[in-house]
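In structure tokens below, several structures.
Same chain, two partners: chain A is paired with chain B first, then with chain C.
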Partner chain A sequence: MTGSNEYKLNQGPEDSISAVKFSPSTAQFLLVSSWDCTVRLYDVGGNTMRMKYQHTAPVLDCAFYDPTHSWSGGLDSQLKTHDLNTDQDTIVGAHDAPIRCVEYCPEVNVMVTGSWDRSVRLWDPRTPCNAGTFTQPEKVYTLSVAGDRLIVGTAGRRVLVWDLRNMGYVQQRRESSLKYQTRCIRAFPNKQGYVLSSIEGRVAVEYLDPSQEVQKKKYAFKCHRLKEEGIEQVYPVNAISFHSVHNTFATGGSDGFVNIWDPFNKKRLCQFHRYPTSIASLAFNNDGTMLAIASSYMQEKGDISHPEDAIFIRQVTDAETKPKST
Partner chain B sequence: MAEGGDVEWELSKENIQPLRRGRAISALHQALSQQQEGHSSATNQQRQAFECELRMYDGEDPLDVWDRYIKWTEQTFPQGGKESNLATLLERAVTRFTDEKKYHEDPRYVHLWIKFAENCPEPLDIYRFMQAQGIGVTQASFYIAWSEEYENQGNCRKADLVFQEGFKKCAEPNDKLLQFHKALQARVSRRAMMDVEEEESDNEPKEPERVSLADLKHRGKKKAIAPVNRTGPAIRSVSGGLQSRGTSILGNASNSRLMIFDETKTQSAGPSEPKLESWMAPPTSRAKENEQRPEKWSDVKIPQKSKFGHTVMAPPPPKPTFQPFVEESDQPPTMTPCKINPAVNTVLSARKPCREETPLKRLQDHHHQQREGEAGKPQEQSMYCKELLLSGAVEFSFEELRAERHFKKTAQESEVRRQRDQANASTAN
Partner chain C sequence: MGRKKKKQMKPWCWYCNRDFDDEKILIQHQKAKHFKCHICHKKLYTGPGLAIHCMQVHKETIDGVPNAIPGRTDIELEIYGMEGIPEKDMEERRRVLEQKNQETQKKKQNQDDSDEYDEDDEPGPSFQQTAAGQTPAGYIPPIPQPGLPPGSGATGIAPGSYSGGKLEIQLLSMLPPVGHHPGITHMAQLPPAANMLTRPAIPAVSAPAAQPDVTKPLFPSAGQMDSRVASTSAGSPSADSESASPIAMFPFTAQCQGPPTLPPSTSSDLSKPTFPAYTQATASLASPNTGNSTVSKPPSTMTSKPATLTTSSATSKLIHPDEDISLEELRAQLPRYQRSIHRQGQPTAAAPSAGPMGGMMASQQPGLRHPIPSQYGGPPQGMPGYIPGGMPPYGQAPPVGPPGYQGAPPRPPMGMRPPVMSPGGRY
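== the complex of A and B ==
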């Protein structure tokens, strides 16, 4: 099943994978958080696990602050930072409910966490300490950083755009243009917009500039649907990752497929083979030559038996990721 | 402490929606004090706990969780409103069990339906739907609520028919049904008597006048919309059973009857007679709100009897035969072109014409869809546990559901471990 351009990571997590993130500076390191209460650091080139550390409960998200520090949070509501050189833990703070997302904003040099306690908290990574709590209208499900702006997706299909330099007010309040629950939001590397995926096989491309001309360009499309015996099976779209150079993006759905899209020509660039189970998380590396694919059942259909969780590393070519100039 | 609470309750009476079963005063105090500092995380946590329970419940009686959740919502959000999600919650609860025959005669379920109907713009349609589905047809409370709705709309005959239907179906408890039916009959007959008396007492046509503190009928079929015209037939004359025939405060008769001041009479009257306060100043124009407004006369057609006995239409107003003079220098002010930023302009964009979607419509759609689903022709199939994510008033994500399962499991494990430790300790001793 795995060809020469793709391999499975050894020593994978023992339970579902919640997030995979590449190091910001090298293609060598991959951070993986999991429901088995661990965060693991893999050496992708050598295909070995370099390190792992524990939380007291399942971990829902993790992020690199710099190549030597990881941050992570999960069901224990605690935010941890880990020094990857010295293998030392620090508990930075906590939310009132499980932490769903952890992100780093290099422009403002701040860590951002979103939680089911309906708040987003900012953390100064140098001290490290809490730098403010900002109430959201609903439970935070996903968030993404676009330059100095923060895009928060919550329950109830709401989308809030904050200015990280001035968190005094919400810059934009929006409603998701999709009809069903928001699964994932990721910002364009060119900071002009974001892509939002929903639980019912649909993806929307949106722009941050509120002027009418720019807003006219927004659109949505169906994907991750399979036709079987005349019935269209609609799968959640769980993961999005942007190619840092080409501004194209990959989506992963519970159907086990990964698609790469060209948002400018509104074309699908390619589709990979079907993975054993749902795609839970996707990550391009810093220069866009590799894609980490977490194939891991997320209990979308309840706690039932399922194929083994696994992380695949795939070499991607420009032919697969570059918009075709016509 | 208690006094502080009392003050709060005094200050916010108008923000509290009446409940049929009344409210626990302690819950009310708590809700009101919380209201002032915004809804606390405690409320959110409690709601989250209910939402979890709705989804994780695997016992015999799933309605119980819904029932408790809805009662808690009513008590916690005395002002109702969107924030409480009560309408959504009722709708979901009611839809969820439409096909569960075992609940159709459950008083709790029927009460949820009645609450749902009362929250709808067209309660009567809901009651008819219930009857067609066979929900609550042997429950007295169903017929009582239905009949009350007819009575509110002034259709006493139908209200009575509903009771007859209830008797035919032998609705339980029977004595309650009887009692409410008698009350209805009493109200109807009292009104009939009052009407007769009115006809006798005043022959001259009277100006309708507004009555203060009168109970108003709802306008048309829509519920909870006060009529524009607040006189005459718009007043509900069925309020309570307190006033007797002679001293009817409501209705027009008492209003048009002028009290004529008589010196000798006041002197002779005892001290118990309430003394009428004299006006310090003439009533302001504010008090004249019921006067007829000046109307456009050009539209009014007055039938005019000519000598020959047939009507003549009023001639149309003649066009002016002269050109109105306009000073040449008096140009109309040129409009300075005002460039409106289109981004800002959208703030006040016209509201989109939304599709008319009543809760009943959704209900019927749901019903329809299920029928079609049984026929085996779903066009789309969601490949995830949609019911679990969307039941209740707020949505859940997969991760939340899974977290709930995880917490449940760890709690069970720690319980088992604790018991084992205890057993070990006792054997060691």
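== the complex of A and C ==
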């Protein structure tokens, strides 16, 4: 059902995809981590897999430090960096439990990992080595970097904002304004706030400035829900990705749909066709011309048979991603 | 938003009282919901226009404006957007909005207060929590027990009465010990204190519950709750450990056990003002193109609990496994992935407490932590985790995660190993 503006990646992972991330400077390269224990690098333009490296257990997240270095971690609790030029691995360090998130903060030049061991660890990418361990109140489920700040979403619906330049104390402790488990948090490119999604088909748009006038602007909306035979099926919203240019964002849910939202006018801009199965991860490339869509069953209904996991690359247009001036 | 004629407040629909960001959106809404002909679906511009259309084209009379709330169905009033709204209704609206704003302010202040109380097992705050039992007080009943002096706890409180009456009695009986603050002060603090139930209450539940069991004979079901909480509090302070049965005992617990304290379906003062943008936005985000009619429903028809989710109600079903842990954690517990974790021979030998891990997948991360492979006390000798020494039944080469068999083999071997098997037994 893919049109000419969308195609499936060849040599995809052999099990569910946990994360897709585009290279920060090269719009063509995509890093993909998977439950098949591999991390793969794709040239999306030519639709080829360029490189693949292994972990000893399923990989839950990956990130580019720079166009030639990828970092990844997963159920093996080990943080690895891979040199994409020399195809060499280095084990940088480890957590005490599986690593769930790996992100890079360009402003502070530090890699950040979050784990189910309830800690966030910083890593200096140049050496590379550990640059601190910071306890969180609960297992880390998601995190996102906004400028020099870090937003951490944990179990128990907690949200913490840290200043990466001063990790001695938590800058803000919040509770998710959604009543259900936090699934994903992504910061706005303009660093003013973040978008938080839950397992209950809902997304909240929140602001970092704690002052009352700014906090009044926060809102939430329902999405990724389908009505079938009078019963509303409510799906987790697993993935969020921001368009770097327009500050609009895409959400992907376990219903298999991808929606693009304009947070300023509070409108949905676009909904793509339904994908074969749950959307596990989304990523816009750095110039906002392409969206990588990982369609992977996430065991929402238990361990049942499901459509094949696949990654789709879609060329997106301004019409789909740009706010409409009213 | 840029509209000049906003009548000093946000545009709202006179027919159904909904708020909109923009008058243009309001008009679109009115045309689609109130001025649309039910016969031919033509969208008219006003109520009278619709009436005339139905009469002339379909020879039918309509008696009221469709989808309007009672009292606002007048078909003869010519209202377009914000124009034509009777002055008295405008004033009424302004008054209602002001009231709501005041409550929002008050609630916002109280929210700030509650944020300061991070860890709470002092008697002070927990008294207030108890006192706030009238509102979303689900887990209040266990809290007062340790605070109650044995005498007052025993007097006159029938074990069977778990309704609000009991809470009030406890409140009154607790005032004397509190002493320095007159009872009125406590009373005044009740509604605000309710907001503190969010996080502070949860550690408070597990902490005081572990204390004296004086009240156990008096409050049998609460006693059970205590023991349950006490056992799981050893494992983790998170409220995730509380299982579903306390909820059966305390009906209103169901609505606010754990962090989601605000009972979603009741229109208590606490739920609305706290996230005004939240509830309003659900209405205003109904993009006309999607016909997403669910947006107009009340914010949530579901209740939630920390350990397990209420996944369905009459009208909606949450597509997520019951346990309130992340999908990745659930998946990592599958045997085929556990094998690859074991293969690394994580040497951590710490045995987490066997109790909570026993059969409760919901309970914590122990299932994922690498203490599990400690059964080998070290390197795995090239054999995948579940197969006990000397029994390689499947002669399996340990390549990465072959989902050859799932579940059955792990169980018997696990039984043979004395310590720390529990997560394996889950499978």
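Here, the second predicted complex is superposed on the first by the 326 of 326 C-alpha atoms of A that agree within 3 Å, B and C clash if a C-alpha of one lies under 4 Å from a C-alpha of the other, contacts with A are read in each partner's own complex, and residues count from 1 in each chain.
Keep in mind that, in the parts below, contacts are C-beta pairs under 8 Å (C-beta built on N, C-alpha and C of every residue); 3 or more make two chains touch, one makes a residue touch a chain.
Since this is a predicted model, take the numbers as computed values, not measurements.
Colleague: Based on the superposition on chain A, does the combination of chain B and chain C result in a clash or a fit?
Modeller: These partners clash in the superposed model.
Colleague: Considering only the touch criterion stated at the top, classify A:Q88 as touching first (chain B), second (chain C), both, or neither.
Modeller: It touches nothing on chain B or chain C.
Colleague: Quick check for you: in the superposed arrangement, does A:A57 touch first (chain B), second (chain C), both or neither?
Modeller: In the superposition, A:A57 contacts both chain B and chain C.
Colleague: Look at the residues of chain A and decide whether chain B or chain C touches more of them.
Modeller: C
Colleague: First (chain B), second (chain C), both or neither: which does A:S211 touch?
Modeller: first
Colleague: One more residue to check, A:S77. First (chain B), second (chain C), both or neither?
Modeller: The second partner, chain C, only.
Colleague: Between chain B (first) and chain C (second), which does A:S254 come into contact with in this model arrangement: first, second, both, or neither?
Modeller: In the superposed model, A:S254 contacts both chain B and chain C.
Colleague: Who does A:Q315 touch here: chain B (first), chain C (second), both, or neither?
Modeller: In the superposition, A:Q315 contacts neither chain B nor chain C.
Colleague: Touching A:A220 in the superposition: chain B (first), chain C (second), both, neither?
Modeller: second
Colleague: Touch check for A:A155: first (chain B), second (chain C), both, or neither?
Modeller: Both partners, chain B and chain C.
Colleague: Pick out the shared contact residues on chain A: the ones touching chain B in one complex and chain C in the other.
Modeller: The overlap between the chain B and chain C interfaces on chain A comprises residues 18, 35, 57-58, 60, 75, 96-98, 100, 116-117, 138-139, 141, 155-156, 181, 183, 199-200, 212, 231-236, 254-255, 298-303.
Colleague: Contact residues on chain A for chain B in the complex?
Modeller: 18, 35, 57-58, 60, 75, 96-98, 100, 116-118, 138-139, 141, 155-156, 181, 183, 199-200, 210-213, 231-236, 254-255, 298-303
Colleague: How about chain C: which of its residues touch chain A in the complex?
Modeller: Spelled out, the residues of chain C in touch with chain A are 21-22, 24, 108, 115, 118, 198-199, 238-240, 258-260, 262, 264, 275-278, 280-282, 284-285, 287, 289-290, 292-295, 300, 302, 304, 306, 309, 312, 315-321, 324-332, 334, 337, 340-341, 343-344, 346, 348, 365, 368-370, 400-401, 406.
Colleague: Once bound in the complex, which stretches of chain A touch chain C?
Modeller: For chain A paired with chain C, touching residues are 15-16, 18, 35-37, 54, 56-58, 60, 75-77, 96-98, 100, 116-117, 138-139, 141, 155-157, 173, 175, 177, 179-181, 183, 199-201, 204, 212, 216-222, 225, 227, 230-236, 238, 254-255, 266-268, 271, 298-303, 326.
Colleague: In their shared complex, at which residues does chain B touch chain A?
Modeller: Touching chain A from chain B are residues 41, 44, 48, 341-343, 346, 378-385, 388-389, 394-403, 405-407.
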